[in-house]
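Here come two complexes built around chain A, the first alongside chain B, the second alongside chain C.
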Partner chain A sequence: MNSLDFSIIQQAWPYLWSGLLFSLALTVAAFLIGMILGTCFALVQHFEIPIVSQIVRAYIALIRSIPLILVLFWFFFLVPIVLGHLSANGRPIPIGATYTAFITFGLFEAAYYSEIIRVGLRAVNKGQFEACQALALSTYDTYRSVILPQVIRVASPIILSQTIILFQDTSLVYVLSLTDLVGAASKLAQLNGRLVEMYLAVALVYLVISSVTSQCVASLRKRYAFTGAHR
Partner chain B sequence: MFEVLFEQTADGQRYIDWLLSGLGWTLALAFFGWWIAFAIGVVVGIGRTVQNRFFAALARLYVEIFRNIPVLVQMFLWYFVLPEVLPGSLGNAIKQIPPPWGSFFPALLCLGLYTAARIAEQVRAGIEALPRGQAEAAHALGLGGYRTYRHVIVPQALRLIVPSLTSEVMGIYKNTSVALTIGLMELTAQARQISEATFQTFTAFGTATLIYLALALIAYQSMILIDKAVRIPGTTPVKDITGQELAETVQQVGPLPGAMEAAK
Partner chain C sequence: MLQQRADRPAERSPIVVVESLVKRFGSFAALSDVNLSVAKGEKIVLCGPSGSGKSTLIRCINHIERHDSGRIVVDGVELTDRMADINSVRCEVGMVFQSFNLFPHLSVVENCMLAPMKVRGLSRSEAHDRAIGLLRKVRIHDQANKYPAQLSGGQQQRVAIARALCMQPKIMLFDEPTSALDPEMVKEVLETMVELALEGMTMVCVTHEMGFAREVADRVLFMDRGTIVEEGDPDAFFRAPRTERARSFLNQIIH
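== the complex of A and B ==
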């Protein structure tokens, strides 16, 4: 084999960087969509709204049971057909790989975030709800100003860990031929044949970003554990 | 709607045979990958808890590396990069393994080593959840380090973590689908192939989804049975890592309700 030549990475860096930016954008968007939808899902289950909560529960069980790649294929092939049926002329409406990725990851992560928030909601002390009632807060104000901020705060280490997993999972958009970090590397590797250097560099980038953020999450958790030591 | 699965394919089989062969690869990968992951995971998990700084650091390094690189990238490293960086003759020998084994073995190695890092963290959580008195009593009885782990610590820790291993079992069979990126025709890949050959997208992916759902149900139920069989009487199991982290941080808000059920 040829000797390794990492100067190739320097040349490739602008393209890899644009790929990394796409991965990060996808992570942030999926995080936002997932958190908003996930909170709604968790509240629907928390209030035990009939029918809707059963549907949400079934959705979450389904999403958690099938591989992410299969979910990506579902959305990539089926959403255009479904949209076509809804539109006037009944023809499939292609939505493109990029939108597919954003929609899929948002809806997929919503299932996972909602499980975290649901468990967090159940962990809130009953006294908090009673105090809100005593203060005559409306249900909306109770959840908006008292309950949810606490849930988000105590669950934040797990939410962040899940987000690191999400960041790693965005690499799977490779199957839609999108140019995320892995996609950029594999496209360049096909051109210049230096796939060893390319994939090693990509692995290193993921390793550094994920382990540094995991360390931050771990220290965050320690700090919370410390402030919580008033038993 | 499922009639199309029983139609003839170009190679004289039926489409359902494609799916079943895909299911076979998925199961083989998940099953053998699991035992590789379990064996390495237990060793590394023990390594995370030993006094010896060198082994502890080595185990930590293993977990950090294998947990922080996406499965897809690890798949590529084993499949594309490993044969290139090995000495010439060995690398060539690996490249000449005929398909599908040429994809199966890298995928097996990848999933085994990746899942091992996750199992190691569960094993560590199980060991750390044991009361210190267990190790101290073993020492008082004159057991050395090895026999303390072998006969006292590890058997108890493994019985404690069965419920949290459920999510790892579910994880490994779902991650088998990543093997399609290196050309293994497992269940998801076969579903896509059927979809492309017949344009019956809904039937193809729907059937695959139903099969994955059934697998999830089987995995979930059998872990409950295993847990019932091996549960140490009078103990509460160490929950899923997520549940556990939440339990630690939730203390500032108030006592946990009795059923701090793990995410599932």
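== the complex of A and C ==
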């Protein structure tokens, strides 16, 4: 292994591409599940719904104190057993690596997004709620049309950086023997012995995707900014 | 103007009735035994030192503050804890806040369209037409597509007035609408309020703008420590207040 040979990347590209698609699909799915569930979690706590809000708080505290890789393991090995106990014949019901990955990442990210939204909700000026009351808006319309859009906009930089972390974390699916971009690269690297080229190429892909996303969001924010002397 | 006053609005049917109203914040009595009757078309100015309960009183009228005891009847509907009652009262009562409270993520015209569409069930185009009409009335329709942060304080407050009017309320409450404004912007907001008053809107205004009170108010109520201490004709009140508390308050605001 003397000099770098990047022609290997070209040959490996179709396989890497399918790995990348899996990473992106997992990121998008976990983002959607996480945001929807996380918003619900945040609202449950915001409204201080008895019992449910305590359960949600405990869940978030638990998830946030455990490494994602452990959660993946547990989910993969324990949930089939639990499901088995719940079913009639008592035998474990496998849910498969792909489902495990999508569900676990969604549930895991929900805890983080929920904290972001919860803090954002607290940051909304009390006058906004009063204006909604004075206009006779229902609680649903108040949150749907006035409060949450402001929370999402204010919190979007933090939501974005959490999502970029999520995108990078998707490489952990190797513990479930799933092949994402990193997994595809390392498998090929071991086959052809071109570790450096492979990992450089993969790092470049992550760099490009993460920085392009950041740029897009920054310019979107500029266009739809409502900052300034608002009261 | 004097002729209009001679036709005492107080003798017409009341649209807001407040009886023995009590509101506490913990052990502090913000309102103790307040009675008030507002006739249809009447313009009332509420004044008094800060903490006297004037804002709390008008915030109870549309149930932004929940009262502890007493009765509030707005346009024949008694305010109870039932959401249906609260909403039917809020539909008839518009409110303008000291800090405008426009929705920063919506354009000026969208601010005005939201509640008519969601609450009154107007279609998008109906709500848009109504919003533009009322923005024209407050002379700000040329800014309809801007966002609140792009407007001056006075313009924002006029948008807030238009937004409240889009619900076609029977009563308008103003909670120190000019207190957060730079002096040169106070006039444009007061002019809008005077126009509204001349059109016959029922108005309850918490304000220390004496010129406004003199020009449009039918009655001035002076509040102190949670009760209405003095009420009367604005000219008489500002020229010769009867109570010592009102006298010392007026001395403080005129310098």
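Definition applied: the second predicted complex is superposed on the first by the 213 of 231 C-alpha atoms of A that agree within 3 Å, B and C clash if a C-alpha of one lies under 4 Å from a C-alpha of the other, contacts with A are read in each partner's own complex, and residues count from 1 in each chain.
The working rule: a residue touches a chain if its C-beta (ideal position, glycine included) is under 8 Å from a C-beta of that chain, and two chains touch if they have at least 3 such contacts.
Model, not experiment: these values are computed from the prediction.
Contacts of A:137 after superposition: chain C is touched, whereas chain B is not reached. In the superposed model, A:174 lies in contact with chain B only, and not with chain C.
Contact with neither chain B nor chain C is seen for A:91 once the two complexes are overlaid on the shared chain. Once the two complexes are overlaid on the shared chain, A:206 sits against chain B while remaining clear of chain C. Contacts of A:66 after superposition: chain B is touched, whereas chain C is not reached. Of the two partners chain B and chain C, more chain A residues are in touch with B. Within the superposed three-chain model, A:127 lies in touch with chain B and with chain C [touch as defined at top].
Of the two partner chains, chain B and chain C are each touched by A:150. Applying the stated contact rule after C-alpha superposition, one finds that A:81 touches chain B and leaves chain C untouched.
Taken together, the two structures place residues 125, 127-128, 150, 227-231 of chain A in contact with chain B in one case and with chain C in the other.
Partner chain A is touched in their complex by these residues of chain C: 62-64, 87, 90-91, 93-95, 97, 99-105, 114-115, 118-119, 147-150, 153, 156, 163-164, 167, 180. Across the complex, chain C is touched by residues 125, 127-128, 130-131, 133-138, 141, 145-146, 149-150, 153, 226-231 of chain A. Listed in rising order, the residues of chain A touching chain B in the complex are 1, 62, 64-70, 73-74, 77-78, 81, 112, 115-116, 119-120, 122-125, 127-128, 150, 154-155, 157-158, 161-162, 168-169, 171-172, 174-175, 182, 186, 195-196, 199-200, 202-203, 206-207, 210-211, 214, 221, 224-225, 227-231.
Interface residues of chain B facing chain A in the complex, by the touch rule stated above, are 64-65, 67-74, 76-77, 80-81, 84-85, 88, 91, 170, 174-178, 180-181, 188, 191-192, 195, 201-202, 205, 208-209, 212-213, 215-217, 242-243, 245-246, 248-257, 260-261, 263-264.
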